[in-house]
Amino acid sequence: MTPNLQAIVDEIVAAMAAETERGAPARYIPGLAALSTDRFGMAVVTADGATAMGGDAEMPFSIQSISKVFALTMALGKIGDQLWRRVGREPSGNAFNSIVQLEAEHGIPRNPFINAGAIVVADVNLSGHMPRESIGELLRFVRFLADDETIVVDEAIARGEAETGYRNIALANYMRAFGNIHHSVELVLGCYFHQCAIAMSCLQLAMAGRFLMLDGMQPGAGRVISPRRARRINALMLTCGHYDASGDFAFRIGMPGKSGVGGGILAVVPGKASIAVWSPGLNASGNSQLGTLALERLAEATGWSIFRARA
Amino acid sequence: MTPNLQAIVDEIVAAMAAETERGAPARYIPGLAALSTDRFGMAVVTADGATAMGGDAEMPFSIQSISKVFALTMALGKIGDQLWRRVGREPSGNAFNSIVQLEAEHGIPRNPFINAGAIVVADVNLSGHMPRESIGELLRFVRFLADDETIVVDEAIARGEAETGYRNIALANYMRAFGNIHHSVELVLGCYFHQCAIAMSCLQLAMAGRFLMLDGMQPGAGRVISPRRARRINALMLTCGHYDASGDFAFRIGMPGKSGVGGGILAVVPGKASIAVWSPGLNASGNSQLGTLALERLAEATGWSIFRARA
Amino acid sequence: MTPNLQAIVDEIVAAMAAETERGAPARYIPGLAALSTDRFGMAVVTADGATAMGGDAEMPFSIQSISKVFALTMALGKIGDQLWRRVGREPSGNAFNSIVQLEAEHGIPRNPFINAGAIVVADVNLSGHMPRESIGELLRFVRFLADDETIVVDEAIARGEAETGYRNIALANYMRAFGNIHHSVELVLGCYFHQCAIAMSCLQLAMAGRFLMLDGMQPGAGRVISPRRARRINALMLTCGHYDASGDFAFRIGMPGKSGVGGGILAVVPGKASIAVWSPGLNASGNSQLGTLALERLAEATGWSIFRARA
Amino acid sequence: MTPNLQAIVDEIVAAMAAETERGAPARYIPGLAALSTDRFGMAVVTADGATAMGGDAEMPFSIQSISKVFALTMALGKIGDQLWRRVGREPSGNAFNSIVQLEAEHGIPRNPFINAGAIVVADVNLSGHMPRESIGELLRFVRFLADDETIVVDEAIARGEAETGYRNIALANYMRAFGNIHHSVELVLGCYFHQCAIAMSCLQLAMAGRFLMLDGMQPGAGRVISPRRARRINALMLTCGHYDASGDFAFRIGMPGKSGVGGGILAVVPGKASIAVWSPGLNASGNSQLGTLALERLAEATGWSIFRARA
């Protein structure tokens, strides 16, 4: 462990408390809008098993799109590279663009981390299951990764999304029109909204991300996925993990990461650390304002970057 | 140096010679279309200064878009982060899309590695110069990086592009309509076409890329750019370096890289190696068919990937 | 009545029977795909009350998008020009484009004759009703216009669309995401699919269109709409009535008209005639191949065109 | 002649003088920006040869895009329906969209009245000529139509456009990249900018439009074009004559028409009248604010509309 990692985290937590530009919570999901932008948490688990954390690091929040990383990992376990016949691997540009391209590219979403792509992934994970089972399976996988049986779905959040998710219903029906959704849209979105509503703390998330920093190995539990697949998921997080700010995140921070509109970000430094930050206020790109800033500070303080000769 | 690096390169050169799917040369640039897809070259320069190469590694070819990396580095040296007011840092999706977004985003190209962005960079580099001086300055920079005074511009190629580059003229005029090109379009494109027509061998290119694997230091010559800027250029190459196949290149190969329609690719593994490959046949995405494959083999054989815990 | 109108119609019917390029039926709606492209019917009702017809002029077919004209007339009767806050009046370009613009223009469809616009119109017509009542109201209106109580909805067609209309479900949910659909998507589309499944013959359709050639007056029944509104509906049919071939239809035929994927076209020559043609084979633009050709012949033979000095 | 036509025109001129919402002149063309929005002129020439006019009806202004009607007529005379292999006949949606479609449709502009289409028409008219001759030919044609030898090109306006027309240069180069511009972009645009800079008064314009209201006959001079071609040009003006407000113009006014950013509009009522209005202030769609309003008043007062049973 970087000797002074806890000190670095403490400093960042203090700096974030003093920040005045804190963003605004996502408004379109009932249950997220009410969260205070005062909240900030951070947890770092290193490759050698040490942990540093601070702020609201143990308070559960809605992981939202971060769940796409775990769902993708599970879907690849089910059907392997066949998944790539139904989902692309390229960044998508802005949201407007992603719809245009869904149309131009015949219902094949650009990557598994935009909503359309994650809905296809949910469709894959639903195969041969009842929705309840599919969600149960994903939840068990996340609990296993985090080594924590207490992780649950926040049913109120899941219901809130199901009631207002017209745009996701539209996306799913588009793709169904192209034959790229195989189950009932209602069931697929039921799974998708529940997956997004999984509640985890920074500590739990950082623990769950360990296999991605360790070439697919889970400390104390053995291999989760092959080294090649771990590298590839990291690559997808780097190029597609932050909506239309993925390029900027790579530019400023230089770590594979995946953000969610709940204000969380999971970031991975292969061979070094699995990191989770959380603050509900979002910036203009829909990524956590303080979370992004905190990761930038951490990268500077530790020298962690995949684009650097030595850390 | 990886002890058996030359053996690995030899094996790849042999394997490439046996490949039957070799792609097709770019047709729209007179002078490139006639190149034989039999050609293949590869050169690797490691962080500790060793060199391995094979095939046509010392035959000069038109570096085309790879020049965007050197021009960007020079422009950042001139105006620093002010550049980002005029060029974005996000992947652009397909070519069709990049034009749509140029329009939607008021003449600000998505990144410095698509043509529109590189034309803005050429406009920046032209400031305060005559075109001949601007090209001379870039050429001197590339010679310095490659430590080779023999590198020249292939005037026939430059003239060929100037005569047929209607789409680039269109892009430049669009951006000028938005005020994002400051000099005469003719002069800017004159510089741009000459920059693309720089002729280099794999060995020269791999030498010229060393500063990007070494946090901005040039062996034997000192600091070229700051470590932060080196990381950031690497990040841009990873997210935007291969047109609409950037995501796939990151997924399969996991190295920052920049390709050109001349069939060359410069790839960087920070702390490990600067690599150049060349074969004129392009795949459907416009990147060298054998070049991409050769880098994938090299990544597998060496374990070099920025998404891996240990190499 | 043009003295030789029946002779003209007879000649056209004979000519159409000899045509070998007959298009292909719409495949995506079960129940339409099986129709024979041998079918062709034509009916003309003139301003002075004469009727000429031939071929399968009395065989009912699915009017599909032609229903949008009647539904629009009804919605304007309900809420008047307030409708134009929720629907535009501009041609939409191709289908791809209409989705892009729906997104760019915040859920306001370009005009009431593309699917998205007609779904908003159905939402307006549903206000204060149960779906069954709303469909009943439209059906009564169409029966009144055609002066024929036997007109019915083809329930098998309606069900077929409801089962496969994923793209329409997507459009409706998009617009709901923007707040431009006020009722449940399921109910609105239920009405929409039933409206499209109204079955009418050419004769019934030509009768139903009389008010549009007579400045809003229905012979024997009095005023249906104001002269201004009649002109305006005619204008919308001219600019937007044939998907992305509206310009070409105006160019070649010069009559306001509305086509449907069932192979029918309703055309109006103000002051002269209300015309309906039907043949299930569609051309590349989705309009009846023979229907379009027959109208072009009729326009040539009669001199009917709104772009002509004298007929 | 409608007995009270002069009285109607007088009333409209008076009403326009009292209007406070007068729009703003086009800013991007030097020489137009300085025009006073106080100006308003109107001229009506009827099918029976009568003339009514008022306001600044005899003051010359820059006809700009109205010239596209005359240039199209000339190009059709040169190559006939072969023109339609290089230009479409469909409305284009908004300006943003027209660029997207130019790209998607391989350099074929949507119609001859958007800039891209008019540039192709200018390229056709240039064939076999020097630019000076081509402009001379068009100018002679317009003088012949208006029966007025005093009409000239405003060279200052032409030069102003040539200096700032980067977007048009971009469009022309795009199309040249697709092979749809055959001459040097510089020469084609030279012709195009000169054609747009023709200066005419309302009276001259209304005179020049007579052949379109008379099925192609020019009073006192004989046939200019065939009746079919006259109808077709009218159809194109109706569907495509007012940029992205063409549908609205048809809806509100119901006459084929073509507007220009100089503030002029030429409108045609087949069999009834050729009308020109002018006022430099433009509305949000780029069409003359008072000109549009004046035509709407004229349509109401005279009953002239192609969508009406009787006038």
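In this document, chain identifiers A, B, C and D correspond to the written order of the chains, with residue numbering beginning at 1 in each.
Keep in mind that, in the parts below, contacts are C-beta pairs under 8 Å (C-beta built on N, C-alpha and C of every residue); 3 or more make two chains touch, one makes a residue touch a chain.
Predicted model only: the values in this text are computed from it and were never measured.
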At minimum, the number of touching-chain hops separating chain B from chain C is 2
Note, CA centroid farthest from chain A's centroid sits on chain D
Note: chain C sits from chain A at a C-alpha centroid distance in Å of 48
Per the C-alpha means, the centres of chain A and chain B lie apart by a whole-Å value of 32
Distance between the CA centroids of chain A and chain D (whole Å) is 55
Touching at least 2 other chains, the residues of chain B are 96, 100, 104
One finds touching chains in the pairs A-B, A-C, B-D, C-D
As the complex stands, chain B meets chain D at residues 96, 99-100, 103-104, 166-167, 169-174, 176-177, 185
Interface with chain D, chain C side, in the complex: residues 47, 88-94, 96-97, 100-101, 104, 110-111, 213-215, 227, 230-232, 234-236, 238-240, 244-248, 250-252, 254, 256, 270-271, 305-310
